[in-house]
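Naming follows writing order (A, B, C and D), and every chain is counted from residue 1.
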Amino acid sequence: MKIAVFHGSTRFNGNTEYLAHHVVPKEKGSHIYLRDYNVQPIVDKRHSKEGFPHVEDDHTQLIDQVLEHDILVFATPIYWYGMSGPMKTFIDRWSQILRDPDYTHFRGALEGKKVYLVLVGGDHPHVKGLPLVQQFNYICQFFKMSLEGYVIGQARKPGDMAENKHALEEASRLIKEDYH
Amino acid sequence: MKIAVFHGSTRFNGNTEYLAHHVVPKEKGSHIYLRDYNVQPIVDKRHSKEGFPHVEDDHTQLIDQVLEHDILVFATPIYWYGMSGPMKTFIDRWSQILRDPDYTHFRGALEGKKVYLVLVGGDHPHVKGLPLVQQFNYICQFFKMSLEGYVIGQARKPGDMAENKHALEEASRLIKEDYH
Amino acid sequence: MKIAVFHGSTRFNGNTEYLAHHVVPKEKGSHIYLRDYNVQPIVDKRHSKEGFPHVEDDHTQLIDQVLEHDILVFATPIYWYGMSGPMKTFIDRWSQILRDPDYTHFRGALEGKKVYLVLVGGDHPHVKGLPLVQQFNYICQFFKMSLEGYVIGQARKPGDMAENKHALEEASRLIKEDYH
Amino acid sequence: MKIAVFHGSTRFNGNTEYLAHHVVPKEKGSHIYLRDYNVQPIVDKRHSKEGFPHVEDDHTQLIDQVLEHDILVFATPIYWYGMSGPMKTFIDRWSQILRDPDYTHFRGALEGKKVYLVLVGGDHPHVKGLPLVQQFNYICQFFKMSLEGYVIGQARKPGDMAENKHALEEASRLIKEDYH
């Protein structure tokens, strides 16, 4: 199965990325760093006559990556007990894709994909990160994707994650499927 | 007590705004429409030597509004089972304010403020909006603010909320304190 | 539609009951007080050769009430952030009913029933009662019942609920369907 | 630190127990099987003049075990997305202990104890077990105990857990403190 990791950190080589690279090693799968893509915030035009305007940015490149892979890993630091801004902006625009005549297959194509989460926070993430797991689960339900598992890491300062052997081992065993 | 409503919709006069105006009538309190302010996404520099750069935008105007009021109402449509992009961007930047030498009083000044939520979504918001309530509750806990209550409305199409007498009445009784 | 309220309080005329009687007046629908029925805790024999033993108690009377009504209201005080013991004992035994040759129609017959919740607690029930809403939602999902709504009341001492006009009004408007 | 595992299964040697024995080996710590104790359901007399009656059962033996240990592990199968009946009955009676003149030290003595959870269910427990984690977290908050971690296992049939190497390894690394 083909796997893609969507990295939502704004920092290079931060704790979330470190943990995510233990879930899927750098040299395997497709690693997509959202901070390298220009994605505009959604302007909600679902109910306007003219519909959504064409947006000149990189969002459809990301959507094409979603479509090409069977397993999707969403790796995000926990900011204020939610996903990072780049991750939310990326997903919010899916509302526009659902109405894009070039992507009428989008919703159906997501059905059956397997999803994993990598979440890293500083303030009791094993408890206070659970609403975020539940939010992702509702997103998966909407598309009939299957939330297969998640790993939650605690980290405050750069380098914390490298010390957390327990989380790293858990991460390395998270994905149950064979992938490349 | 002084009340401010932070409106997180990107649409003018949408369902969330309609419901929020039943919580706090337009002519009372301060109504702040986040879409009218330029707020840049956070770039996480908490751990870089140089710290956060100065950002030329309207964020501190919003923060000053937060500080001036005793009751804060956060009104947001539910997008993908989370808060709207403008609302999240606004709140994410609080991490930067916490390190801003001009706002060393920010964290302490929030303690004891009362918070209400107005959430509107189309897909079973009374259940699927609960992780968002829990997320806001953790934000309140962090600042020792008190989450006093919330109203959740269901709406899909423009105008739906005006039909929902039940939610409107519930909204009009949400705030228990006297305010102006 | 036929409505039944399952009351889970151990106290006569307590706060939860008071609120539930505003959801469905005493003189309408069927009011079932679980404390008046002898229901034995489940002994998990799902996987034993001999299966579940016959239990001499009142549980099937309650199950027959579930089956006879279209709308089910579960009213329970929040004890340690969960449902009351009598309510949990009642529901736990559904696992046994699912394997009872006299009730092979049980699971199918629940599909499409509408469910409402009445929850009353003393410690921030509007936030700390949410996991209980989510738990009931999963129970509904299992049976393809629809969780239509809930009302949460705050009360500590006997009589508190009678003072809470807001919750009582909300309760009286909770059920959207016509019923008798 | 002294550790006690409270086992909430009604079955001997079931999946939850199997997993819990990987968290704390049988020969270490105190293993308490709630099914071996007679604990009566609470009758809520918090607000009656005469107070709670004396109950002739084994509950205070269990409470004494709680008090004697520094780390408490609650191991329960997930029944209808909540804790097992014996576990809930055990905890519900804590309301009575809080008013017991022989246990005025109970609440204070719990402060600072460390809590771990072992939860096993058949229906997507990694997502549908999260409200139960949140419920336990609120219980811990009430007593100022610290919810240090949890392991969630998936199992349907007897013996399933023994096949689940991943969960067993995770269990064996759950407790971070030294204990005996």
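What we mean here is this: a contact is a pair of C-beta atoms (placed from the backbone, for glycine too) under 8 Å apart; a residue touches a chain by one contact, two chains touch by 3 or more.
Chain labels with UniProt names: A, B, C, D = Putative NAD(P)H-dependent FMN-containing oxidoreductase YwqN.
Quick caveat, the model's predicted, so the values are computed rather than measured.
Enquirer: Please identify which chain has its centre, taken as the mean of its CA atoms, farthest from the centre of chain A.
Expert: When every chain centre is compared against chain A, the largest gap points to C.
Enquirer: Distance-wise, how many Å sit between the C-alpha centres of chain A and chain D, to the nearest whole number?
Expert: Chain A and chain D have C-alpha centres separated by 34 Å.
Enquirer: Measuring from the mean C-alpha position of chain A to the mean C-alpha position of chain B, what distance in angstrom results?
Expert: A distance of 24 Å separates the two centres.
Enquirer: Provide the list of chain A residues touching at least two other chains, using ranges where the numbers run on.
Expert: 130, 134 - these are the residues of chain A that touch more than one other chain.
Enquirer: Going by the touch rule stated at the top, which chains touch which?
Expert: The complete list of chain pairs in contact reads A-B, A-D, B-C, C-D.
Enquirer: Report the residues of chain C in contact with chain B in the complex, numbered from low to high.
Expert: 126-127, 130, 133-134, 137, 147, 149-150, 166, 169-170, 173, 176
Enquirer: Where on chain B is chain A touching in the complex?
Expert: It is residues 9-11, 14, 41-44, 47, 77, 79-86, 88-89, 91-92, 94-95, 123, 128, 130-132, 134-135, 138-139, 142, 157-158 of chain B that touch chain A.
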